[in-house]
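Handing you this structure, nothing more for now.
Which chain is which? They are A, B, C and D, in the order written, and residues in each are numbered from 1.
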Amino acid sequence: MSTSTKTVPILTLDGARTAIAAAEARSKEIGVPMNIAIVDAYTHLVAFHRMEGAKITSINIAIDKAFTAAGHRAPTSVYKEMVWPGGPAFSIWNSNGGRFLTIAGGIPIMQDGVVVGAIGCSTGTPAQDEDCATKGVEAVEKSLKVKAKL
Amino acid sequence: MSTSTKTVPILTLDGARTAIAAAEARSKEIGVPMNIAIVDAYTHLVAFHRMEGAKITSINIAIDKAFTAAGHRAPTSVYKEMVWPGGPAFSIWNSNGGRFLTIAGGIPIMQDGVVVGAIGCSTGTPAQDEDCATKGVEAVEKSLKVKAKL
Amino acid sequence: MSTSTKTVPILTLDGARTAIAAAEARSKEIGVPMNIAIVDAYTHLVAFHRMEGAKITSINIAIDKAFTAAGHRAPTSVYKEMVWPGGPAFSIWNSNGGRFLTIAGGIPIMQDGVVVGAIGCSTGTPAQDEDCATKGVEAVEKSLKVKAKL
Amino acid sequence: MSTSTKTVPILTLDGARTAIAAAEARSKEIGVPMNIAIVDAYTHLVAFHRMEGAKITSINIAIDKAFTAAGHRAPTSVYKEMVWPGGPAFSIWNSNGGRFLTIAGGIPIMQDGVVVGAIGCSTGTPAQDEDCATKGVEAVEKSLKVKAKL
């Protein structure tokens, strides 16, 4: 086996559709329309849906939450204390051309412990955004496990 | 009736889904995977799908073709002679922070003569991109006429 | 097998080192120092070396040639006639935030017909840059085939 | 001797390789893969290596830590209290197009009290990043002293 390349798993458009559908369903349940962005493990956009009523300035926020969650392989909700004044990652939000978003609502999508993509939601409160994102992640991760069993 | 506000028709996520589905179907027919972006009449992203195999550097191109077609209310294929050296719109590609794309594949979506949104496709040749974009536009415009008849 | 994810081959740092070493060796043979950038299949930087005497303003050019070759899956030398005034891709250089470079010297690295990364060289003439980039590509592609045989 | 020019010491690609090798070795010891960037005294990239598993969104952070350490001639860990709300350098992170990073992990490389370049590491905690960067700096500074003795 060559060491010049490696093989990695990565989210597909099908997987993205599953995540979006679940996030949309949750968004309707809580009555807060969402911008929903899905990126692959390398931070590139796979799919995006803006529901009726979702905020215009949240389009970018949803996309960059997904970007950050995929690239840094962690939910965007983890940075709270780290980016406080005096925290070890204070000012990290300015990195990556200002795209590094430390607001809840971006979550990695995992397969067997590896990040294969991420979802970002935005329009509600960060807690509502994270709630919808979580449902999206759970749906696609469940689909991966179900398929693995067959 | 006040003249301080007006009512405008604008593409919805449902309309965007119809356009994307038709563009995807055409993309599969011709065997060229596409990035497909849908924006509203105000140039903001409504939906985006990257099909398996679509080019990474065409994500941005698809989005900016749709942006340009909606904002300037014309297919991106019309600029050819206008942007030649000496042409009246030479250098317009640099406007809007460099997002004004004068390559075929972006087409407005119309209702009763009014632009309600736009589609942008990218990965193939400009002719292939425009082919898929056209199918997307036709599908959503047809749905608008069917609804009008009911 | 799930359709929510797919498995893709991607260049490693080891592969990048092989490509850089070969490009550097060619650069010394022709007496033109180079900036040499290697990106993965998803356009992200894997490795970069600036040889003594390579141009400062070619650092960015080498990186963006590699970015373009990986993202659009074609050598950056192919655009010549397409981007001429009146050509179908005229103004494409402005896309992707101005990072789309249509100057020779960026070449995809392939494994079994799939792009796994790309190299970009810059400081010499475009022909010299492409010469060094070619040697880098050949070296890493050869390493992939040798390993495949074992 | 004219005062119209001066002679300055500056890090070479050889020096950069030494620093990267030592930072990589330390990274393996602590089990945290790193993005490692080396810039010269003028803040321009000399070399960059992304180890397997290093974060995608840390590519930019490693480069900008090195940029900041070389340009401001100080470790990026020194700003903590200065950039607090009310601190004398509050908002400096936004300068230089947002590239000024005040997170630990960027360290100048010195020769005889003069900054000749800098290293930036990123993927781990700021403390881990600084640990690896320190090892890189020590290795190249030691090589400079050894050479001076011969």
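The rule is short, and it goes like this: a contact is a pair of C-beta atoms (placed from the backbone, for glycine too) under 8 Å apart; a residue touches a chain by one contact, two chains touch by 3 or more.
Nothing here was measured: the structure is a model prediction, and the numbers come from that model.
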| item | value |
| --- | --- |
| Same vs different contact residues, chain A with chain B, by half of numbers used | same |
| Distance from the mean Cα position of chain D to that of chain A, given in whole angstrom | 31 |
| Intercentroid distance (Cα basis), chain B paired with chain A, Å | 26 |
| Between chain D and chain B, distance of the C-alpha-averaged centres to the nearest whole Å | 45 |
| Inter-centroid spacing, chain C versus chain A (mean Cα positions, whole Å) | 30 |
| Chain C, residues touching no fewer than two other chains | 6, 12, 42-44 |
| Pairwise touch network: line, ring, star, complete, or other | other |
| Pairwise chain contacts, counting only pairs that touch as defined | A-B, A-C, A-D, B-C, C-D |
| Chain A residues touching chain D - in the complex, by the definition given at the top | 6, 42-43, 67-68, 70-73, 85-86, 88-92, 94-98, 100 |
| Residue numbers on chain B that touch chain C, as the complex places them | 52, 55-58, 60-61, 64, 80-81, 83-85, 93-94, 98, 100-104, 125-127 |
| Chain A to chain B touching residues, read off their complex | 12-13, 44-52, 56, 59 |
| Residues of chain A touching chain C in the complex | 1-12, 14-15, 18, 40, 42-44, 111, 116, 140, 143-144, 146-148 |
